[in-house]
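Pasting the structures here.
One chain, chain A, links the two complexes that follow: it is found with chain B in the first and with chain C in the second.
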Partner chain A sequence: MSIYTLGIDIGSTASKCVMLKDGKEIVAKSLIAVGAGTSGPQRAIAEVLEKAGKTEADMAYTLATGYGRNSLEDIADHQMSELSCHAKGATFLFPDVHTVIDIGGQDVKVLQIDNGVMTNFVMNDKCAAGTGRFLDVMARVLEVKVEDLGTLGSQSTKYVGISSTCTVFAESEVISQLSMETNKCDIINGIHHSVANRVAGLAHRVGVRDQVVMTGGVAQNIGIVNALQEQLGHTIHTSPLTQYNGALGAALFAYQKYLKEQKG
Partner chain B sequence: MAKEVSPGVKALRKVVDDVHADARRAHAEGKLVGWSSSKFPCELAAAFDLDVMYPENQAAGIAANRDGEIMCQAAEDLGFDNDICGYARISLAYAAGKRASRKFDPETLEYIINPNSGKPLKDENGNVVIDPETGKPKKDPKTQVPYTVLDDIFEIEALPETTEKEIAYKNFRREAIKPYRQMRIPQPDFVLCCNNICNCMTKWYENIARMCNIPLIMIDIPYNNTVEVHDTNVAYVRAQFDQAIKELEKLTGKKFDQEKFDQACANANRTASAWLRVCDYLQYKPAPYSGFDLFNHMADIVTARAKPQAAEAFELLEKDLEKAIKEGTSTTPFPEKYRVMFEGIPCWPKLPNLFKPLKANGVNVTAVVYAPAFGFVYNGLDEMARAYYKAPNSVCIEQGVDWREGICRDNKVDGVLVHYNRSCKPWSGYMAEMQRRFTKDLGVPCAGFDGDQADPRNFNEAQYETRVQGLVEAMEANQAAKEGAEK
Partner chain C sequence: MSTEVFLNEFAEISEHPYRILSQYKKEGKKVIGVLPYYAPAELVVAAGMVPMGIWGSNKKTIAHAKEYCATFYCTIAQLALEMLLDGTLDQLDGLITPTICDTLRPMSQNFRVAMEGKLPCIFLAHPQQRKPAFGLQFTMDQYQHIKTELEKIAGKTITDDDLRAAIKVMNKNRAARRAFVQLANEHCDVISAVKRSAVLRAAWFMEPAAYAEKLEALNAELAKLPAADWKGKKIVTSGIICDNPKLLQIFDDNKIAIAADDVAQESRAFRVDASEEGDPMMALAQQFADQDYDILLYDEHSEQNRRADFVVDKIKKSGAQGLVLFMQQFCDPEEMEYPYLKKALDAAGIPHIKLGVDQQMRDFGQASTAIQAFADVL
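Then we have the complex of A and B:
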């Protein structure tokens, strides 16, 4: 009989679920673009169960992670930090990973991985610069969709520096560039480099070793990935499952916990 | 049930109470009372029988009593920047006469209770009583307290005392100032500053001296970029000791008393030795107490190091700990699963929040960096100068790493929890590099979190909990990997 486990990652801006069969095969996944404190978690859970044609009762073990993990005590058998779950997910996707850079909605984390386990980590301080929220703010000012930033930035022909670290001040810088009629693509490229600078600083704190894997929604932005590769001098690997990486790690841990409980 | 307090802890509490009571008495009798930085050579003040209060210790107490924010804001209103150390802001506000006080009705002279304060009301079965109207837990009226407001001691003292009503009002307003000892220390007649512990200290004390128009006696300790203290540096500090003695002679009108000074040095050495032995009890596994207890005993090592009572109290605590080891008991209210070094000063206003996830995960703090910071023993003035040259923020990174890694090894830690303290940039600044070295040299994971020693606005509980959970998971994985390798 197959064993189904569910990983739920409730972030600050999105709710993600991954259902695994026997700890290795992804059966279904879901993503709702609102996170902790909203209807997102329940909707994401309902969607993943529906896609797989399963019920909550079919889940051998459910594990919650992310900023809103503690709000799912009724559903989840266990909660773990998103740090370990991202490490786990990245190791599943890239077995030789040693460094994971995850840029989420309001957190940036850099994880050091040895033999598949997280041995050290650093996170951003209280400032949201360099996070997904930073890019949301910039996209709004530039009147473009956040998901289009990567493509637009790649059309840049001229470097425009956005030097401010602070989101609010960087927003003013962008506004001032817009008022000077600077090409939006160049501004976006500048924003990507600004994020990369900030994240690289954090990554150097914990140390960067190959393979470097980037996870989280921001890893879908090719402009940021390229700028960060340039900054770090390392190839960065990403996966189409990047946004689901935390939930995938949670589902893997869920399977591990299930096996441990069965043993005894 | 109230937690049983050991004889040593009781004695230590009395020592600090007495230091405060003595200073208040001295002030009432018109004697000089000074304020001193925590690692100014207290032996010098003791040679002149001077009563001294310690603003760092005071600010920690005010912050732990949840009045850090109102006092920090008061300092900011006076023009001090939000980026300055929280202890300095609290102390500067206090020196300017600002006090955290209880709100009252000036007509009825009755306190105005804050309805949001207090602990939840429990029924006879210990269950929380829910208010049917709001659906929220009811508050136990016995634990409710008045609103906190800011008052000004100089404004109070300037009030008229002509009519009975005026006298009653003035007295009530005096009484309304929060009653805990740190909010009741006398204003200073002089300040003693040694910037070995922090460089912000220099401007902080200069400001107090200017505000209160009082003498400042300064001992400058430059940052030491070598592990050893050079002889020229010792000569520089020795000369300043001599100058400080001259200034104290002028201030008190007394001659320097060599005998009293020698006795104070002997007392300080005895206290420091006992303190170090107490610190060493954290090496036991499981530890008979927690590093958080050491934080509480900091008050004694700071305020009473040169007093025989402090040495006696630490020696008594040592006996308590010896007994605890024999009986296998601990003051830590949970089984010790992991042992960590807590780096930096705690977030005093958020101690329960700091403790909560540690307790939930069985994490005991078995190492703190205060042991070497205050546990120094010396013989003669040259060694004394060398000892005062070494404080957490005045030594080079090699020395700092060496101190910490020594404690981590001796106290057998599984991980390091680093407080990136907004109030203490020099201390926090080199932590990123230290974390790297701890992981490389000791093979333990480290986690950093943002906070502040006194200003609660700089701490986020959710972020802290995630980092602690991450650290615990990394320690768990590390242990599993080590066990796997052993097999």
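Then we have the complex of A and C:
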């Protein structure tokens, strides 16, 4: 009989679920674009169960992670930090990974991995600069969709410097550039480099070793990935499952914990 | 009295220090506010008054103090002034303002100006060169100034015998705290991170003799218990202050015990005793000279990275697996020291995390994630 485990990643801006069969095969996944403190987690869980044609009772083990991980005590059997889950998920997708860069909605994490185990990590301080929230703010000011930033930035022909220190300062700079009628694509490219500067500084604190894998929603932005590759001097690997990486790691840990419980 | 009753009493005082301040005033006692760091509480005790430590607040936000403070002053200093301005500390009879860091030096003048005509502020400048004879003399001169000012507030002369008796009280107080820290490690199943902090924090608010007596009684109860069969992790804490119960609860939730500390508000404050023999003023000056391994103190052998080695040694001896550094926002000395500490920790293969904190933080979501992940790393 197959064993189904569920990983739920409740982030600050999105809720993600991954259902695994026998700890190896992704059966279904879901993503709702609102996170902790919203209806997002329940909707994401309902969606993943519906897609797989399963019920909560069919789940051998459910593990929650992410900023809102403690809010699912009635559903989850266990909760773990998203850093451990991102390390687990990235190792599943890229067995030779040594560095994971995860840019989430409100924080940036760089993880050092040795033999599939997280051995060190560093997080940003309490500041939105360099996070997904930073990009949300900039996209709003630029009147573009955040998911279009990557494409638009790639059309840049001229470098425009944007502060990497503070979201508020950077927002003012963007407004100033817009008032000078600077091309939006150039501004966006500057924003991508601003994020890359910030994240690269953090990454160097723990050390950057190949393979470097980028996870989290921001990894879908090719402009940031390219700017970061340039900054770090390392190839950055991403996956189509990048946004689900934390939930995937949670589902993998859920399977491990299920097996451990069975052994007694 | 049971261990639990003692712990609850310390927690009550730690949580509501200004209730005990009111109680002292009702009893007709005079109370002197003592700001960080290394102010000689012995002089306050010798004058028959109560020293009350002021280490900011985990409950207040800065409003009034903004009028006086640069934005890069740490919240400990700013919230101390806030409490002086918002009436929380109106019952104090005086204030000792040490000036050992770059924030406290100008801050001492902010306190003086803000409290003009309302509260006597007693300036204390410790010498950078604290060990040579001229440094000892400088410290004694400073302490003599404090003694004179305290005598004016107390309305009595402090004799050498008064001071010797006060030194004995404070030595007893420090010894009890040192013993408690050791026992808290051995019985970390009973003394959680939150409870450990409350016991040590209460020391700054209670009368030193009464605190020592109560803590000795708690220590005696703890000594009767079997050593903990601890299945969780153990860490050493470092930094200026880490006394927020909500933050410390995260350690308890993740089964992380505090094996020892290198924290200014905790162990750094009670490592060194004063001699109970000879000239008591010289004994206090020598006590300050004997302080060591503190980022705030000048180290003529700093090229040897002695302080970081001291912290590494503490981690190894305490049985801890890692270190959590509470980096107080805008604390230049701690920030500048960090690379040296990191170098020694890395060389010894000891994992650590650095958590940015300030006393106005109310949400610890990010810290919770980092601490939980650190437990996984350990």
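Operating definition for what follows: the second predicted complex is superposed on the first by the 263 of 264 C-alpha atoms of A that agree within 3 Å, B and C clash if a C-alpha of one lies under 4 Å from a C-alpha of the other, contacts with A are read in each partner's own complex, and residues count from 1 in each chain.
Convention: a residue touches a chain if its C-beta (ideal position, glycine included) is under 8 Å from a C-beta of that chain, and two chains touch if they have at least 3 such contacts.
Values in this document were obtained by computation on a predicted structure and should not be read as measured data.
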Inset, instruction - With everything superposed onto chain A, say whether chain B and chain C fit together or clash. - result: clash
Inset, instruction - Go through the superposed model and pick first if A:218 touches only chain B, second if only chain C, both, or neither. - result: neither
Inset, instruction - Figure out whether A:149 sits in contact with chain B (first) or chain C (second), or with both, or with neither. - result: neither
Inset, instruction - Check whether A:110 is in contact with chain B, with chain C, with both or with neither, and answer first, second, both or neither. - result: neither
Inset, instruction - Mind telling me which of the two, chain B or chain C, contacts the most residues of chain A? - result: B
Inset, instruction - Could you look at A:125 and tell me whether it touches chain B, chain C, both or neither (first, second, both, neither)? - result: both
Legend entry - Touching partner for A:67 - first (chain B), second (chain C), both, neither: both
Inset, instruction - Could you say whether A:80 touches chain B, chain C, both of them, or neither, answering first, second, both or neither? - result: both
Inset, instruction - After superposing on chain A, check 37-45, 109-117, 127-135 or 163-171 and name the one in chain B that bumps into chain C. - result: 37-45
Inset, instruction - Would you tell me the residues on chain A in contact with chain B in one complex that are also in contact with chain C in the other? - result: 67, 80-84, 118-121, 123, 125-126
Legend entry - Complex contact set, residues of chain A against chain B: 67, 80-84, 112, 114-115, 117-123, 125-126, 205-207
Inset, instruction - Would you mind writing out the residues of chain B in touch with chain A in their complex? - result: 420, 432, 435-436, 439, 445-448, 450, 458, 460, 462-463, 466-467, 469-470, 473-474, 477-478, 480-481
Inset, instruction - Flag every residue of chain A that touches chain C in the complex, lowest number first. - result: 67, 80-84, 106-107, 118-121, 123, 125-126
Inset, instruction - In the complex, go through chain C and note every residue touching chain A. - result: 351, 353, 356, 361, 365-366, 368-370, 372-373, 376-377
